[in-house]
Amino acid sequence: MQDYLLMIVAAMFINNIVLIRFMGNCPVVGVTSSYESALGMGAAVVFVATMAGTTCWIIQKTILEVLEIEYLQTLVFILVIAALVQFVEILMQKVAPPLYRALGIFLPLITTNCMVFGVSVLNIKEEHSFMQTLVFSLASAVGFALVLLFMAGLRERMDATGRVPQLLRGVPITLITAGMMGLSFAGLLGMV
Amino acid sequence: MKEPGFVVAVGPHIHSGNSVRDMMLHQIIALLPAVAAAFLVFGADTLRVAAIAMGSAVFWDAVLQKLFKRSLSIGDLSAAAGGLVLAMLLPATVPWWVVVLGTLVMLLLGKHVYGGLGCNPFNGVLIAYVALLLSYPGLVGDYPVPTSDMMMTQNSPLLELKDKGAEFLDETFPLQDLFLGSTLITGTIGEVSKLALLLGGLFLVLRRKISWIIPAGFLSGLAGFAAVFWLIDPETYASPLFHLLAGGSLLGAFFLATDWTTSPVTKTGMALFGLVCGVMTMAIRLWSQWPEGAYFAVFMVSMLTPFFDKLRPKVFGSKFGSHRQVQF
Amino acid sequence: MSQERIEFGEIVATDGRTAQVRMKRSSQCAACSCAGLCSPFGKDWMVVAADNTLGAAAGQKVRITYRVAGEVKASFILYIVPVFALLLGALLGSAIDPFHNTDLSAVAAGLSFVVVSFLLIRKYAAWKYGRNRSYHPRISEVLSGPER
Amino acid sequence: MRPGKMRGGIRFSHPLDGLSSPFEDLPTPSVVTVALQQDRSGVCALRVKKNDVVLAGQIIGESPRPNGASIHAPISGVVTELIKAFQDFHGRMVPAVVIESDGAANPCEIPADTDPLAAVQQAGVVCFDHKTDPLAAKLEEARSRKVGTLIVNALDGEPLLSSRARLLLEQAEAIAAGIDALKKILDLGRVILTVDANAAEAIAAATRAFSGAVQILPLRNRYPQAVDYLLVQRALNVEIPYSLGVRITDIGALLVDVEAMAAVGRGQPVVERFISVATGKGHVKNLRVAIGTPIRAVLEHCRITPEPGGKILAGGPMTGTALSGLDQPVTKEFAGVFVQGRSEVVKLEEAVCIKCGRCVEVCPMRLMPFLISGFSEKGRLAEAAQHDLFACIECGCCTYLCPVRIPMVQFIQFAKGQLMAQRKGV
Amino acid sequence: MESVLTAILTVGAIGMLAGLILGVTAKIFYVHVDPRIGQVSDILPGANCGGCGYAGCTDLAAAIVQGNAPANACKAASDELAQEIAAMLGISVDTQERQVAQIFCQGDAAAAERKFTYMGIQDCRAAQEVSGGDKACRYGCLGLGTCVRACFFGAMHMGPNGLPVVNTELCTGCGSCAQICPRHIPKLIPVSQKAATFCSSHDVGRAVKDVCTVGCLGDGLCKKVCPEKAVTIEKFLAVVDPAKCTGCGLCFEKCIPRIIQAVVLTRDSKKKAA
Amino acid sequence: MAARVVNEFTKGFWKEIAPLRFALGICPALAVSTKVESALGMGFAVVFVLCMSNVLVSAVRNVVPDKVRIAVFISIIATGVVIVELVMQAYFYPLFLVLGIWIPLIVVNCIVLGRAEAFARKNPILLSLSDGLGMGLGFTLSLVVISSIREILGSGTWLGMPILPEAYPGFGFLLRPPGAFVIFGLILGIMNLISARIEKKRA
Amino acid sequence: MTLRELIQMVVVLTIVTSVCAGGLAAVKLATREQIDYQQIKFIKEPALKKILADYDNDPISDRLQVVTGKDARGRDVKTTFFLAKKGGTVKSLAFEASGPGYGGPVGVMIAIDPQQDEVQAVAVTTQSETPGLGTKIVDDPAFPAQFANKPVSANFNLAAAGGQIQAISGATVSSNGVSAAVTRGVELYQNVKSQLGL
């Protein structure tokens, strides 16, 4: 239990997937102007990353490792993730059309987001068990969602009353702010 | 022109006289007791660091204002006050160039890239402090032995707690010394005398320059969290009183968490912000590699400020409905 | 927390009382710099079946109106609930361990929980939104004539 | 009785300096300019022609509304000019009548009206507050809604204004008579007098004159508690929203001020105003001024020489309207005169908010002024409205305390104006 | 060799599965998108200025392709672009004359009086709300540059005399400036217009004279002298009809305040030929 | 034609330099820019994948049905990435260790797919190669700029060679993740400044 | 969208992926030897050189693979032991173990004298610690030196956890990674010593 707790804290904050591991910056830079869309996007990523992480783990263990073709990981994973997202979308539309309609855009944003792919690969690289894969993927994605959310909050505040210089508006200032968020996480160093 | 040209403007036509300069001046004055206490303990080095910090902060502020094509506003004393607070977080022995680098980071990343005073989401002092601590742990994170041989380093109370546990704390660091400040206690310049900090903090509260709610929340969150662990196991965990008086609790509560720009503006928001800062401080002290957590805690929790600010009071008369639709 | 939503779309097919309307997923897609690359297999539009009360014909641009569950609530139900089902299932599976292989048990139980969660969501959605027609999209205005 | 609790607002340090200074009569000016719109009734219909001889108190402009307030000649004399488009101190273009005094005070004989409501209407009484609604219309509305509580306000709206407290002290009897007159129109179960707790003499005078029929509610000075909605909240502990179309009469109460009550009690047409004159240095005089008197005459009487680059305000220092020249005549909307020298003018700038939160703390409507004004500045009007823009009463407390001096009230007015224009445009 | 086969078979199978899912999705969500919409929106300037009345350039592109808007509906696109769009879609476009903005006020600090000193938000719309604006003339430019900030194309700047200046090379004729100005000082004129009265005051001559030395007096001297009858007086303001004006310049001499002038469309200048 | 080839090549260095111009492919630019050496390695890997995928995509551009084209592109790119991975393991093992997970992550780098989708599928092989080479080298250049700043100011060296005086204490902050974000952000700001200057001069 | 198109799509994708896989398999075949060699050369050799002294054979070729445990799925986990011999007798036995560091697992190579049951030397092989901070476990020779010449039964934990190893200040986590790796290593050694046939 303790191990999982530490893993969660580490994946969410200390080795935050965006701020420390540098994955998934594009959506953080692009989507975080409003707090609601950050929330929707965050939830979608939590879902897709967890599903993709576990599915890839299963594929790795049952196919790639058994057949000793681990070197095809990259090719297989990207196909699997893409097909999975597609599949889930069809499924969701069938399962709950009103809910699916409310979400609209969030699902397809994910496939080429390097965070989803990166988490799937990291699970294999760090030799996680299935439970660990599940927890790590989930926690990493929650860490991602939190960054998205915090960034949206900070940007909303900056947009409302701030005066970021023209030259730094948009991507540059978001990156710098991400850096500052990462810097603050240094406070948690040594917790794992 | 036939008539004298009168001024026409929208009200109010009088002003309270509040100004940034006034607020910053108050902050500087409020820190003077702490500087004096540190002077008694660490000697002239205190003044050296404080002077370099304030001077270089003002210098960088002017340079960056020029660079970013802003009007020169060093007269508002914000850079000077920021520099002084940064000096409070550094040991008296810190080399001059570390201070100068720190103030550059503080003013660049904590002020000017965001558009100047009031636009930064994170407190520049904290940005600078953490950046320096990570880059030069030995120069910024080690504290000198007061007065005698400043070349040697000594454990601060919280480091002692981290390294050796809570067992002999009371003997090594009498609470009275912790409170008043003495040569038994080392730490950063601003961590010497809690009495001095309390005086400064109360001065700010009473002059209504900062809200009382944030420090109150901070200190109660910290003490409450510490108390839980202390009650469970007083052998391993230090008492809440120790935690209140050791390290940067009071500095964080009165001078960092209350930074106007990065803390919430609503009362509920302030209360929660303070509370979370206090709890976070304890979490870092207990479980991270750092002995002190107050500064990191404030830094981290300011990420949540926009959310705390969503907890705003109900608009006057909102029982009758929402004001968002105009019905004139 | 439900809200009325108005979207604009174009009819791609009609059959009797319903019409298939294609609409942009959201105006937010227009502002994104990735220009559709986000979804190599997907697309930035979706097709919904709408009540064609106004008798609009294929090719016409229409305004459709429907009530949706709030975004936050919807994303919680569709995204977070299955994830928690997976987690719960995997935890239970590895704790009980029917196959004497924690990974296998966790996978099996986790997947079955996800399936069950989707079934439950489906039930819930049918119960909550199915009978209420206002959740069903309807064409509220015909905006333009057929193409060309 | 305990006042309702008020959040926010400002306690000024010298609120009632003018309480001890009696009203002086300003000598009748030789020429007056009477604007034909002085309240919410709208533009009054002209009832005189050029070169007509008018008597003091004679109707020269008739209200366009049945229960509106008419406008009377403040002095007797000759109509020398009819101005079609006179720019009043709000910047509105209204018609105006110029009357040259005949030197004698020839009052008009007014037939005593038996219907008390008609008498109020005939006398052109308005509520001498921010909104200047015609009193008769308000009474009509109150009667139709079976209002049972009357709140009579003797609190002055702003710091440095003291005319209401002084009026209560000097004319308590007339005010009592006015209240009695209202009792004939409305079925009043309860009358509350709100008065500044510091105005001990005025309270004493009121206690004597009202002999227990009126509950006296002394309130500690706290701007802007005299704003109608806040005052109702303090007196009755009910928060009525600003801008939602809910009216005070909806909760069975009517709010009037002492000057209106005194006017009703005197039973004479309203041709004068009781104002306080102050400068940046403090209170100068309390004056009784004929409507139509140019500000120039008021200042000359008070020996105030306005400075170029300074400000002349109609009203108090917080919400007063700045005048562009000294020829502006006193109207029923004139609450007082406040003169600032060049060095006292407050310069507000479009500075960057430092999020100190003082504005949030002080806003009596519990808004987030910095956000609203920020959105307005950036042209994000919908978001400003989302943050309850229209609940702002423009009291100015936020701006008063703001350390970087953002002209928040103007930004708020601007956003309101733009949104209303958009709404009309649609 | 066996391992090569394993790889091919496994990945091939996964590819097939992906293809199937993809195909099914495509079937479920199938729809025909007119590819020309993308092409048209590529041609459009992409400024999303809203001048055309549509939500953005893509919206307009769809409208053009569907025939709901003319090929030259984009105010900001040049004629050539409109022609290009029309050519691509195989439709014709009636060329409309290009319009540019001009500033119809010359009352700078030296020429026009101010009633008072305005202090407050530096925005003409806001200043207009405060006692009706500080300019003594009710129709004159307030000079706070709201139009300049509204110009999406950077075609305006504030001149040294406190009046806005249009760079007619950059001006696209989108009309944002004319729309936002509380006093409607910037007005769109066809590029071919030869002369104009650079004043907006509808006050009577006497009142104008009191407050401004370059205000139209409405005395009609220009009207009298114009051989083409191109000048009319509308509510005390002379107006030039671009269709009739030949630019002969006879009226220029007659105008006492010299506000009727040749339109000079050079860069950074609307300046007089006087 | 030759002019076009040159043009497609050179645009990648300033006009369309990624990720500095477009907020695409930010992640690797942040992750592998601690040292110039690893930046170069990563850059060349991307150059290879980009050229290969551009050429292949261009080659099959007329054969692949529209609906599956992106899936096909991704397969091609993934293949290129795996080749890089294998070759790097076989011949540049130390570099492989440094770049680690970032090699497989090239597959999701928006630049690669972006060029295939936006350019290679519409253009002949030679132009696509030139475009891929230009964009790839531009990407490398971006990484080198960022990593040079970080390496020089952070540890006083460049490509491992001491540049600043021995006594230079280094600024470790820049070597850490937050430093990467900050440097990247500031460079973007400076680029904006330069473009604005150029624009102004031209006007 | 016709069935024909659907089939076409599936076929194209299947072919493309198969071809890709085939090509990759070929590349893999061609590089396999080289990759194996490189892995040992770059990861193992420098560390071996660092920790082994006084031998006359080639430890890379004199290596043993021993099953040292089972992984979560019940498959064998093998550890490679490199033997350093002098004059035919095994002087040292080197193998790898890993522990959790700050930026991921820290791998160390441990050399043990099988006669004395004593740790001879320790060197870090793989790590991804923070440059300038955690990398001191590599750069600062004094740190790994603490492990040398201690009996395998010694307590290799950090001083804070009651052991004999002084952590590098500011890099406690990395230090702990090394110490955990050595602790695990000596445990493993003790477990499998009998199987090594020494």
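For reference, chains read A, B, C, D, E, F and G in written order, and residue numbers begin at 1 within each chain.
To be clear about the criterion, a contact is a pair of C-beta atoms (placed from the backbone, for glycine too) under 8 Å apart; a residue touches a chain by one contact, two chains touch by 3 or more.
Predicted model, so just to flag it, every value in this text is computed and none were measured.
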Tell me the fewest steps from subunit D to subunit G, where a step is a jump to a chain it touches.
2
Going by C-alpha centroids, which chain is farthest from subunit G? Tell me that one.
D
Give me the two chains with the most inter-chain contact pairs.
B-D
Where the CA atoms of subunit B average out and where those of subunit F average out, how many Å apart are those spots?
41
I'd like to verify one number: the distance from the centre of subunit D to the centre of subunit E, where each centre is the average of its C-alpha atoms, in whole angstrom.
44
In whole angstrom, the CA-centroid distance of subunit B from subunit E equals 51
What whole-number Å value describes the gap between the mean CA coordinates of subunit E and subunit G?
70
Where does subunit D touch two or more other chains at once, residue-wise?
309, 321-322, 324-325, 345, 348, 352-353, 355, 370, 407, 410, 413
Per-residue multi-chain contacts in subunit G, two or more chains
5, 9, 12-13, 16-17, 20-21, 24-25, 28, 72-73, 133, 172-173
Among subunit E residues, those touching two or more other chains are 3, 6-7, 10-11, 14-15, 18-19, 22-26, 28, 115-117, 119-120, 130-131
Spell out the part of subunit F that touches subunit G in their complex, as residue ranges.
34, 64-65, 67-68, 71-72, 75-76, 78-79, 82-83, 86-87, 89-91, 93-94, 97, 100, 155, 170, 172, 175-176
Which of the residues in subunit D come into contact with subunit B in the complex?
7, 10, 159, 229-230, 233, 239-246, 306-313, 317-326, 338, 340, 345-346, 348, 352-358, 360-361, 364-368, 370, 385-386, 388-391, 394, 396-397, 399-405, 407, 409-410, 413, 419-420, 423
State the interface residues of subunit B toward subunit F in the complex, per the touch definition above.
101, 105, 109, 113, 131-132, 134-136
Give every residue of subunit E touching subunit D within the complex, in rising order.
115-117, 119-123, 125-126, 129-132
Looking at the complex, which residues from subunit B come into contact with subunit D?
3-16, 18-20, 22-23, 115-119, 211, 260-262, 264-267, 270, 309, 312-321, 323-324, 326-328
